[in-house]
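Should a chain be cited, it is by its letter among A, B and C, assigned in written order, with residues numbered from 1 in that chain.
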Amino acid sequence: MKLKNVAAVGTLALATAIALSACSGNSSDNNSSGGSSDSTSPSASAPSVDSSLTGTITAGGSSAQANAQQAWTAAFTAQAAGVKINYDKSQGSGGGVTNWLGGSYDFAGTDSALSSDQFTQAQQTCGADGGIDIPVYLSGVAIIYKLSGVSKLNLDATTIAQIFAGKITTWNDPAIAKLNSGASLPSTPITVVRRSDGSGTTANFTTYLSQADPTDWTFEAGTAWPTIPGDKSSGQQGGSGVVNTVQAGNGTIGYADQSSIGDATMASVEVGTGGTFVDYSAAGATAAFEAAAQDASQGADDLTKKLDYTKITDASSYPIPLLSYDVVCKTFKDATQGKLTKAYLSYITGAQGQQIAEKNAGAAALPDSTISEIAKSLADLK
Amino acid sequence: MTATAIPNAPAPKRNVDNALTTGQLPRLFELYSLIAALAIGAGILALLGFNIVGWIVISAIVYLLIVGIVSGAVENRRKAVDRIVRGIVVLAFLLAIAPLLSTLIDVVSRGYKDAFDMAFVFKTGGTHFDPNTLKVTTTMGAWQAIIGTLEITGIATVISVPIGILTSIYLVEYGRPAHWMNRTVTFLVDVMTGIPSIVAGLFAFSLFTLIVGPKAFSGLSAAIALCVLMIPIVVRSSEEMLKLVSMDLREASYALGVTKFVTITRIVLPTAIAGLITGVMLAIARVIGETAPIFIAASFTSNYNANPVSGAMETLPVMAYTGYKFPGTDIQASYDSAWGAAFLLVILVVILNLIARLVARLFAPKGMR
Amino acid sequence: MTETTAAFPQSAGGSGSSGQRPGATPAARRIVAKARPSDRIFRFLSVGSATLIMVILAGVALFLIIKAAPAIAADWHTGDLAQGTTAGHADFWTYTAPLVWGTLWSSIIGLVMGAPVAVGIALFISHYAPRQLAGVLGYLVDLLAAVPSIIFGLWGIFTIRPFLLPFEHWLNAHAGWFPLFAGNASSTGSTIFAGSVVLAVMILPIITSITREIFLQTPRLHEEAALALGATKWETVRLAVFPYARSGMLSAILLGLGRALGETMAIALIMSPALVFSLKLFTDNANSQTIAANIALNFPESNDLQREALIGTGLMLFVISLIVNFAARFIIGRTGSTGGGKSKKAKALPPTDATSMLALDDAGSPLQALHPHASSAHPEGLKPSQPEGRE
């Protein structure tokens, strides 16, 4: 395992170096192609859509970005009436990528960037240029709970890790009481509610735990809830399943994409170690992403980001951001389809697109630096 | 006296009660016992703390005990058993009808708001984008899902019902039970009932990918997936129904010189029609509610698409599933639309059922139920 | 009484002439009907359909095997299979075994709860309920077959889970020594028991609709004969209706079982799953997961090889239903055609006046001739009498 990590870091560094050089090499023809291909080319500054576009975009994948995709689709098709966009949210990230690799999708939404295998496979589907990961959707993982009589709860990373690992089993545990000096905590047993299906939210959350408190959270991070000895947690299907079960019980605690929690009560999470507890806010997620995102590019124009949660220390940021990508071929076999998909992706990752996601889907806007990075990458799309 | 009817029947070993001479309980005995049981149940629970489920359970047990003991003492053992079984059968019925009604009540009470809203039923869901405020407002609509459900299930039915019924005719009327083909088909139909629905979806999608290329999402491929699930149910149930057609009828027909084809189509099928239609409706009901194969094979869309040969389609169960699992920003509206879609689906099946019953009545021979 | 006895030879003669008795068959077989074009086309169509089914199934089986093979053969300690939902399993078989158990276990519980009730309802509708009520009830049950599984899932979450919770807690607290009720009582209600209750409700309409139709097909003569002999209603049902309907009941129950084995969404929504071998019914953390639900839960987020592993588990579901069906056919074959089981039943009967005649009759008795359950349930009985003479 250790060996593998070292190797991974090595490849990562190498990939980054290559990507950086590739980026600088490409940037010149970026501008030329972006300028010549179509004058209304959407970018961060010019959010309007070419209304003469027609066609159908078939896509699918991550359900996290489903609401954002719906809002984007509405906004995009309102400006280009001839376009139809089908985003299949029931496929999940894995299904999305599989279908995209099989050539069924124009782009796929996924909560985790393409693996190196998939990245190589993409060259068979898309041709030599392969595919690229584009961050499109930023949100946060919310810790939700239901405990009668307690409407405000502060938790830090250690307590969260201990609760979800089954080491803290009652609500009046001293560790929780210490963080919530004012509240009167009952002795109700804690019921941990987690996802029973594979999920990008689980991946984000477990990655956060394993980075923020590696001593208590010794389990592997991934899309599936790990096998924890003596685990008493209750698994539920979908974010909605977790939210419903948490709300239906008493003494329950769970995690979910904050855009899907409805009126469930969120716990405040400590950011850094300074004793500051923050609620989720869109601005907080944006700030957190800016601080945590590490470049992990796998090739030219690829914008894979690795989140280092330990870097989120600023009091203005929310400690558990969640990122979702769209993956797309760099060179489309069908040029008109490529143009259409490029127009759509440019729109959704533009400033207006990100605002729409924030207003309508509970997402947080990507930071400006990332938006301009994306615009640069998308300009190479053919 | 009855003993004379069977010459070789063994003589009764002991004096048995005669139904005509043993005592008889009053006609409304069972009603009285029920009232008594309910009272005793309430009494017991008054001591333990009252709850409605416990009351019903205890009363039921007490009722069976009263009926059994009293009838056993006053009448005879056979009558006691009969009364107990009658009690159990009614109880089974009540036991089952409770959850079934509860489901229906849930569906109706949560779904009627949307399902009775004409704008929901007859309009495709839509969005309105306001470029000034960047606000997107979503309106829910089920029309595309209704069309999708009807087309996909319709195609699946048109393909599977003839195949299924013809196969069962083969099994019952043509094939010999010992023949390898008969045995293989029976065996394969058994196996087909075990295909997980999601696998059927994958199979159909892979098949269509081979035929039409990667963008194979279509209502037709979903319909093929449903066929795989539907055929075994049709075969299984129609086989049973055809077997039940009395041999006398077939033989009477053959004796009159009627050909096999005409015997099957004019005698066997009409006699079994009620059962056949029940089987077909069961099969339709089973597949019309499928979600997994639909979103594998037909993808997902909230756009209107009436062309089953190309493009993503949505069905009502998929709408219900996605409405619950992936709610929009207005969670309550999504749940409402999910229940609305479910209610519409139930209404749709009721209508199909009524049509099917009408068809059955038209074709059934006179004098049948 | 003289009327009753007089009726017997008449009806016995009626069915005897139909050629079901062994003596009549050789004569019937010699008649060869002339085949007409319509006959040939029809025969071709039905044989064609049967062949088509074989082709479809071969296609599905081939698809499953090709898709599943890489995952079954793969090394589960490294690569994609060592991550995500398939992590921590030595090979395909250790991954699948608990799933197979969970599938069987939840279906068995569902069937044990659902099947007797379903047959009871069918009997109530066909034989006990007042006629007009029966039509409405039959319709209601048909209607419930139409409720999609996703709705049963939602109903399970919102209604059944909270409803069963106190009951589960009570049993867990008072009878926790019993293995089925042991373990950490669930606090959310997402137990395998709740899942199985919903399964039981889901298979009810399937079993009921089919058995009801079959019960209604019982020849009226058999029942009237039994009643005329003084049998009580239950004895009539047991002696005239059940033997006649046995094969059909088994088919109905197997169809119900098929649904329970393959049920996806309801289980996936209701139950909190774990990949364990467990008998416990009332826990959050020891509910054996089912194959179909596991596929549905993990398919969306899986990559290629993991998907192939999931399809492999689908192949196992295929095998399970094969074995179950096989076993059931074997059992019905054993108890159905040999007379052993029946005579045992007959001895258990009280030797009362009318029933003794009904039950203890031997092969030569009029009722046996009137009672063609062996032949109607088993096509071998009918085949020889058909005027085909071909093949």
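Keep in mind that, in the parts below, a residue touches a chain if its C-beta (ideal position, glycine included) is under 8 Å from a C-beta of that chain, and two chains touch if they have at least 3 such contacts.
Here the structure is a predicted model, which means the values were calculated and not measured.
Asker: Using each chain's Cα centroid, which is most distant from the centroid of chain A?
Answerer: Between chain A and the rest, the longest centre separation is with C.
Asker: Average the C-alpha coordinates of each chain, average all protein C-alpha coordinates together, and give the chain whose average is closest to the overall one.
Answerer: That would be chain B.
Asker: I'd like the Å distance between the centres of chain B and chain C, where a centre is the mean of that chain's Cα atoms.
Answerer: Those two chain centres are 13 Å apart.
Asker: Between chain A and chain C, tell me the centre distance in angstrom, where each centre is the average of that chain's C-alpha atoms.
Answerer: Their C-alpha centroids are separated by 46 Å.
Asker: Return the residues of chain B touching two or more other chains; collapse runs of consecutive numbers into ranges.
Answerer: 321, 324 - these are the residues of chain B that touch more than one other chain.
Asker: Which residues of chain A are in contact with two or more other chains?
Answerer: In chain A, the residues touching two or more other chains are 63, 90-91, 237, 241.
Asker: Could you list which residues of chain C touch at least two other chains?
Answerer: 296, 299
Asker: Spell out the residues on chain C that touch chain A in their complex, using ranges where they run on.
Answerer: Within the complex, chain C touches chain A at residues 80, 83-85, 87-88, 157, 161-162, 184, 186-188, 190, 268-269, 271-274, 284-285, 296-304, 306-307.
Asker: Which part of chain A faces chain B closely enough to touch in the complex?
Answerer: Going through chain A, the ones touching chain B are 56, 58, 60, 63, 66-67, 70-71, 73-75, 77-79, 84, 86-91, 102-104, 237-238, 240-241, 259-260, 262, 352, 355-356, 359-362.
Asker: Write out the stretch or stretches of chain A touching chain C in their complex.
Answerer: Touch list, chain A to chain C: 63, 90-95, 97-98, 115, 117-118, 189, 191, 193, 196-200, 220, 222-224, 226-227, 231-237, 241, 244-245, 248-249, 251-252.
Asker: So in the complex, the part of chain B that touches chain C is made up of which residues?
Answerer: For this pair, the touching residues of chain B are 1-6, 8-10, 12-14, 16-19, 53, 76-79, 81-82, 85-86, 88-93, 95-97, 99-100, 102-104, 106-107, 162-164, 166-167, 169-179, 181, 184-185, 187-200, 202-203, 206-207, 227-228, 231-233, 235-237, 239-241, 243-244, 246-248, 250-251, 254, 259-262, 264-265, 274-275, 278-279, 281-282, 285-286, 288-292, 316-317, 320-321, 324, 338-339, 342, 345-346, 349-350, 353, 369.
Asker: Could you please specify the touching residues of chain B with respect to chain A in the complex?
Answerer: That would be residues 127-129, 131, 133-136, 138, 209, 213-217, 295, 299-303, 311-312, 318, 321-322, 324-329, 331-332 of chain B.
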